[in-house]
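Chains: A, B and C, in written order; residue numbering restarts at 1 for each.
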Amino acid sequence: MYHITIKGLNVSYGNHHVLKNVSLEIPRNKITVIIGPSGCGKTTLLKSLNRLLELQEGVRISGSVLVDDESVYDPKVDVTELRKKMGLLSQRPYPLPMSIFDNVAYGPRIHGTRKRKKLNEIVEKNLRAAGLWEEVKDRLKSPAASLSIGQQQRLCLARCLAVSPEIILCDEPTSALDPFSAQKIEETLSELKTDYTIVVVTHNLRRARRLADYVGFIFLGELIEHGGKKDIFENPKDERTRRYISGESYL
Amino acid sequence: MNLRHVEERCFKVLMIAATFIILGSLFAVIGVILVKGAGALSLSMITQTSKGGYYLGKEGGVLNAIVGSLYLAFGATATSLLVSLPIAFCLQREYVKARTANVVRLSLDVLWGVPSIIYGVFGFTIMLLLGLRASLLGGIVALTLLELPIMVRAIDEVLQMVPRELKEASYTLGATRYETMFKVVTRQILPGIISAIILAFGRGIGDAASILFTAGYTDHIPSSLLDPVASLPLAVFFQMGTPFPEVQERAYASALILLIIVLLLTVSSRLFSRRFAKFVIR
Amino acid sequence: MRVRKVIDGVSEKVMCSVTAAVSFLVVLIAAGLYLKARPIMEITPIKELLTSSSWHPLKGEFGFYPFLMGTFWVTFLAMIFAIPICLLCSIYISEYAPRKMRDVIKPLIDLLAGIPSVVYGVFGVLAVVPLIRDTAHRINISTTGYSVLAGGIVLAIMVFPIIISVSVEVIQSVPYEARESSLSLGATQWQTVKKVVLKKAFPGIVAAIILGFSRAFGETMAVLMVVGNVPQVPHSIFEEAYPLTALIANNYGEMLSVPLYDSALLLGALILLLIVLLFSMAARLILMRGGR
């Protein structure tokens, strides 16, 4: 059963047609990795799934995105519930302008958790899951802006997990991390996939190989190929895919 | 070849001269008020209200005007903050199209330039219509009109610098627009809001034309919103207008008090602004 | 869950209505003033009101010409003083002054922008008026010192910080590369400023000047205290004048018993408003042109 079904998705910023007729199924409780050269529309694809794109001026979206067989762009859908269901880790970490604790507690709080004890629990649990707890447990009150970029990235992961989403969309979640921390995040994601459906965008092909169950390759806004990891990495049908994953010039 | 350098020289001299004129004249303003005002300033000026005969040179002070001005400026600044924040938030993409926002911005720009006396006149006309007399309430309303465009413009400017991704981070967690605006964006722009408040407060406490008709003048400290209220700028103005030198001296002292309040406020806000920037994401 | 959505929806409605209301405020004010000014325009044609010099409220004669001229000359003089001096100073601060000096001057000027206008008025009475009187006497012109010139000087000083703080910002925002390419062609710094920087910063500088203009034009108290308030068309800068704002401030609210007087004064306010409106629109147009 597919968790997310994208059919004929087109996105343009003004006259710039960025995603061209993308159709893709994302299976439940698996990791789907999206690869593709810079500027091909990966971030745009992720943001179109949880309707973040419509916050921008002049964006046109057509096609359909179904989550659990419900259309995301249906006007009757409660967009806040939808976004709660789909956590997104952005390419650059943006902590909220508040303390470390409040960053993680922000989501649960707006969704109605008020009890201090419960919040403490949630914060600790998710900071541990993101591998940040040991570093920040003594300064939960200090501003999130004081963390290093890599720590901020893990903070954002904890913040995302704290609202217990069903789907996690990761836009290069490890771009600012050292290999060791990146490895840890990677392991975390692998563990999480028993409970979550995960979509990861990455430029790192080796990581893609390690993480992926399924792979989609986007090139200049078109979804060239998608399928099981084996099919794509060992036996690509399209010439452009083959060149990209073998690291040759793909132009 | 040489001509260019002569020209450069000439202009450089002119520029330095202009800078001196400007700094000189501004220091002259402060200096003159300081010297003339300090001579007439006394403790009773700031601890007593005006007694009968104060404007003929008898004893008393301008405490009523000081307190009145603070009431007026605080009231107007609080009211206009209350109105400005929603307006500034409303100009964002979540609520209106960019084009609509620009139309609103244009009308705010126009409001910014409207002379304060017009707010006074308009406010008074409305008050006549409603049968109200000059009062603290009337003064606060007129000053609010004056401060509103200043504040909205200042807040709008800092709002435009908030990275879109920051708002997206909040929305991704399932926050509504209201929550994002008031819990996340407000914290991010807190330093900007503070300077907008200071700017508007400074403009409000110093303005005389808009409260000339609407706030009235009295020797007492008002006890309700419907009482008339004295104010420092008008105290300066009225005292200057008397033919008695000793009362005019008090005008200088009152001007000095006003100047000190404004400068203190601005300086201290600058010193404290860092504190409010603690959580800001860059 | 429902509650949150309701709060969000209600807050949107409230915010948008407040915004709409404030956007129409200008129109509302203009309409209100127009309604109140209509009685006098029905009796005396507007053209005559604007061009007649006879101001005798008790006889029902309301000629605005002297006041319009008063406002015009005082503002004009202020801008004549302020524009070149402010431009030179802004260029100096943003292009030539050493960094340290700039870091001191800029906050100082912002600070001074907050000085209340009555303070400038008091300064005018204490320093500018006597200075003009004495200087004029020395060159055999008799004047009280309360004059168009005094108003112009006081207003100019008042708008210095406003114009400078905006234009310094504008000039500094011209990208460094623009300067570099000119300098590398062997232009002197002044030539670069003249040909490249000022050209790029032009729309912003115009906007700064218009900001200063609307402050000077609408200023009431500071002017009122130093121009002498004699309803005449000034023939030299040493004569007294009576600007429109001062007229309104001195008379509105007190003379309501004289028929049509308040109507006339509100017409004065309407004229002020329309002129300001015109200039803000012009500023916007210039800025939009420059933005392209």
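Definition applied: a residue touches a chain if its C-beta (ideal position, glycine included) is under 8 Å from a C-beta of that chain, and two chains touch if they have at least 3 such contacts.
A quick note: this is a predicted structure, and the numbers were derived from the prediction, not measured.
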With centres defined as the mean of C-alpha atoms, identify the chain lying farthest from chain B.
A
Looking at A-B and A-C, which pair shares more C-beta contacts?
A-B
When the C-alpha atoms of chain B and chain C are each averaged to a single point, how far apart are the two points in Å?
17
Take the average of all CA coordinates in chain A, do the same for chain B, and state the distance between these two points in whole angstrom.
47
For chain A and chain C, let me know how many angstrom lie between their CA-based centres, rounded off.
53
Indicate the residues of chain C shared as contacts by at least two other chains.
4-5
Where does chain A touch two or more other chains at once, residue-wise?
80-81, 110
So chain B residues touching two or more other chains come to 176, 179
So in the complex, which bits of chain C are touching chain B?
4-5, 7-8, 11-12, 14-16, 18-19, 22-26, 29, 32-33, 36, 84-89, 91-93, 96-97, 105, 107-112, 114-123, 125-127, 157, 160-161, 164, 188-191, 210-211, 214, 217-221, 225, 245, 248-249, 252-253, 265-266, 269, 272-273, 276-277, 279-281, 283-284
Could you list, by residue number, the parts of chain C that touch chain A in their complex?
1, 4-5
Chain A residues within the chain C interface of the complex:
78, 80-81, 110, 112
For the complex, give me every residue of chain B touching chain C.
4-5, 7-8, 11-12, 14-19, 21-23, 25-26, 28-30, 32-33, 36, 83, 86-87, 89-91, 95-96, 103-104, 106-118, 121-122, 124-126, 145, 148, 152, 176-179, 199, 202-203, 205-209, 212-213, 233, 236-237, 240, 251-252, 255, 258-259, 262-263, 266-267, 270
Residues of chain A that touch chain B when the two form their complex:
47, 50, 52, 55-57, 80-88, 90, 92, 94-99, 106-107, 110-111, 143-145, 156, 159-160, 163
